[in-house]
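Dropping the structures in below, format is structure tokens.
Shared between the two complexes below is chain A, which pairs with chain B and chain C, respectively.
== the complex of A and B ==
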């Protein structure tokens, strides 16, 4: 099945059971990943599901094909946390397009997903550890610098070290399920035809964007980073414990930070931002937005367009800035 | 013709690995790629390693260097499972060099020699 694995991983935390579901039919019947994720929410509504999903072009040659999402319900209302950076790509390359997590675990656990398999591992040793300590542990334990993880922090869900947009309670859903982290490493394959490959190379790739930062913050920029397969370089690394001009590897253990959600930088104090990221404390706390307002501001789009981009796994900021909102680029 | 890396243009987006893998396998995967992104994420230290016919090309931020078997790297980016992979063949048989074509920053370039 082109662009997809056609598989969904179903994890029951109450029974500590893992199941591999075939979802090719579901995927074929809907517009894309976001809509399929919502169908999985309905199908598994008996188990207070939390659905992690990818879009059509997540993990592909489509520029900015880095997006995924988490879906859940609270008090009967739907919520969605968009994911960018590298977790969605690594997840899709584990062999699954979706992950449905049902019920709650009686004791703290973490999920370790790779090579089409999933382990439910004890996480008592991670309780009380902050996000950075947890991410360090996961990278060491799994022996691979490229593992990505979603980690329940102080008041939010963090995408690895660098936070994310969770101000609408996704981290709280992880805590309710006694789930400390979902860790992934993708070493699988996705089918892409030669025709699609060549068409994707013709999609405009964009260039580095201007950053809206104070002069003081600009002085701290080390090198700029991008999400998977993107050239917009949205994410500067702020070097605060070493020389921002350093080219060799810093000898400091934690020389600085990236903030996936610019809202961490709003008070202009980089040390405060770094501590909030370390703890997994989103500055906006817990709000009732279906999609976090800071993500809508970051992407500069309405919620409906975010959902459409999540169907395709494409960054909405890229979609607007580079593709000018032209959906014809999605057709292959 | 050879691949030149302007290391400081790299943004660690990672697509080059998959382009090379597509040349090898006609699938989206990075496991057979001749090019590998090295990243120490917490320190923002990243660059690429390219396996060539007779050496490894280490494109580090502080400068690119070539290493032949038996030479020392001084530690860091070379201890990666790239030695067992096929060397870069500059996308022999393709219309263009895939990793260069997908690179969104111009970090990877073709140099005529």
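== the complex of A and C ==
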């Protein structure tokens, strides 16, 4: 199946059981990943599901094909946390397009997913650890620097070390399920036809965007980073424990940080921002937005367009800034 | 149509013919003067003691072009040799190859070639069968051709000292260059035309002129931007250009094809075309077998269990992560580096998603046990890991791979011998 693995991982945390479901039919019947995710939410509604999903072009050659999402329900209301950076790509390359997590575990656990295999591992040893300590542990335990993870922090879900947009309770859902982290390493590939590949190469790639930062913060920038396959380079690395002008890698263990959600920097205090990222404490706390308002502000779009972009796995900021909102680029 | 396209089309099930007087390929036999139909021959690949990782290049290349009746075997399994039509012995430690194969292996190889089999020797596999007085190599004195990269005194080494030479009694076998070189083919069968082809050399022989039943099929021509000089360039210029790089030596009904460069390396497709031409040309000359050996029909169709996939997956990640580690270990005459380890693990990793392979329960158990041994060593590997441990790691990986690849390339289960497999 082009662009997709056609597979969904179903994890029952109560029974500690893992199942591999075929979802080609589901994918073919909907517009894209977000819609498929919602269908999975309905199908597995008996288990208070969390659905982690990807879009059509996630992990493909389509520029900024980096997006994924988490879906859940709370008090009858639907919530969605957009995921960018690298987790959705790494997840899709494990051989699964979706992950449905049902029920809660009787004891703290973490998931370890790679090459079509999912292990439910104990996580008691992680319960006292902050996000950064947890991420360090996961990289060491699995013997690979390239693993990506979603980690339940103080009051939010963190994408690896660098936070994220969770101010609508996704981290809280993880905690309710006694789920400390979902860790992935994708070593597979996605099937893409030569014709699609050639079309994707013609999609405009954009260029580095202007950053909306104070002069003081700009002085701390060591380098610019981007999500998977994106040319906008939205994310500076702020070097606060070493000289931002050094060309080589810092020898300090924690020289600085990236913040996936610019709202961490709203008070202009980088040390405070770094501590919040370490602990997994989103500055906006817990709100009741269907999609976090800080993400809508970051992308500069309405919620409906976010959902459409999540169908395709493409960043909405890229979609507006580079593709000018032209959906014809999605026709393959 | 070139030989690469011909093989790809044969892989897709089309009938493909070679003109054995002109060396051209077509799906239309009537378009050729003396057509011979191509088929997939059985190829035994030696993977035992002394074999490094380059035999996996041959597996990848043969599989890519549809020559997938492949059977890897170890030094304890030389009894399988008569079952093959082609025997591929790749790079590694020549002395260890000889020691592993031993007298029994030598006799089997000699009988195999005399009775019409084709021996393909690359790098150490080529050195193995050249004349020498040194035991145990002297068990394999089949091809009376000497090497030209032999010096009584060692010139100053410019780079990569551990790969630049091997001691041989009081003299030295030197390797003046590594990586890409250009070789020029001879305008007669099996290559049929004169052309310059790039191919990689990693310590393989530079031959002297064969006499008698020998022919030079290709000569070293020149160097490229990618060529790495391990000695002064003038030494490389003296030793290689003009000297034989690929030779044929006929014995009985069969032949030895020996190459200094690795024609089987998957990143050099034009070098691969030379290897495929040798195979295609000899298929036509071989007596047709009535049936495929039953070694290709065994086991029951099963999916690799999660326990094995888990081991391979976790090992693959670890193997990739140590690829940049600054270390090397000397095992016999061969130096292994961390970047060699992922080559072995990847060979299973990229194939383990195949839905069904024909395998026996006991074989699954051997694979799993071997992988457990490998994983335990790999999890603790560091620059200070003793050579014996690294040797045990490579050995257990090869054991797992040998059994896995046999199952992967099998044609069917017990009793499923199909005459349609042979034309």
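Simple rule for what comes next: the second predicted complex is superposed on the first by the 332 of 332 C-alpha atoms of A that agree within 3 Å, B and C clash if a C-alpha of one lies under 4 Å from a C-alpha of the other, contacts with A are read in each partner's own complex, and residues count from 1 in each chain.
We adopt the following convention: a residue touches a chain if its C-beta (ideal position, glycine included) is under 8 Å from a C-beta of that chain, and two chains touch if they have at least 3 such contacts.
Computed from a prediction, not measured in an experiment: that's the story for all the values here.
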item	value
Which partner reaches more residues of chain A (counting touched residues only), chain B or chain C	B
First, second, both or neither for A:185, with chain B first and chain C second	second
Which of chain B and chain C A:116 touches, first, second, both or neither	second
Chain B versus chain C as contact partner of A:93, first or second or both or neither	first
Chain B versus chain C as contact partner of A:223, first or second or both or neither	first
Which of chain B and chain C A:144 touches, first, second, both or neither	second
First, second, both or neither for A:175, with chain B first and chain C second	neither
Shared contact residues on chain A - chain B and chain C	145, 187-188
Touching residues on chain B, where the partner in the complex is chain A	8, 11-15, 18-19, 22, 25-31, 39-46, 60-63, 76, 101-102, 104-105
List of chain A residues in touch with chain B within their complex	59-61, 63, 86, 89, 93, 132, 136, 145-146, 160-161, 187-192, 194, 197, 201, 205-206, 208, 222-231, 233, 237, 239, 247-250, 252-256, 258
Contacting residues of chain A [partner chain C, same complex]	114-117, 119, 142-145, 185, 187-188
Contact footprint of chain A on chain C as seen in their complex	306, 309-310, 312-314, 316-318, 320-321, 349, 352-353, 379
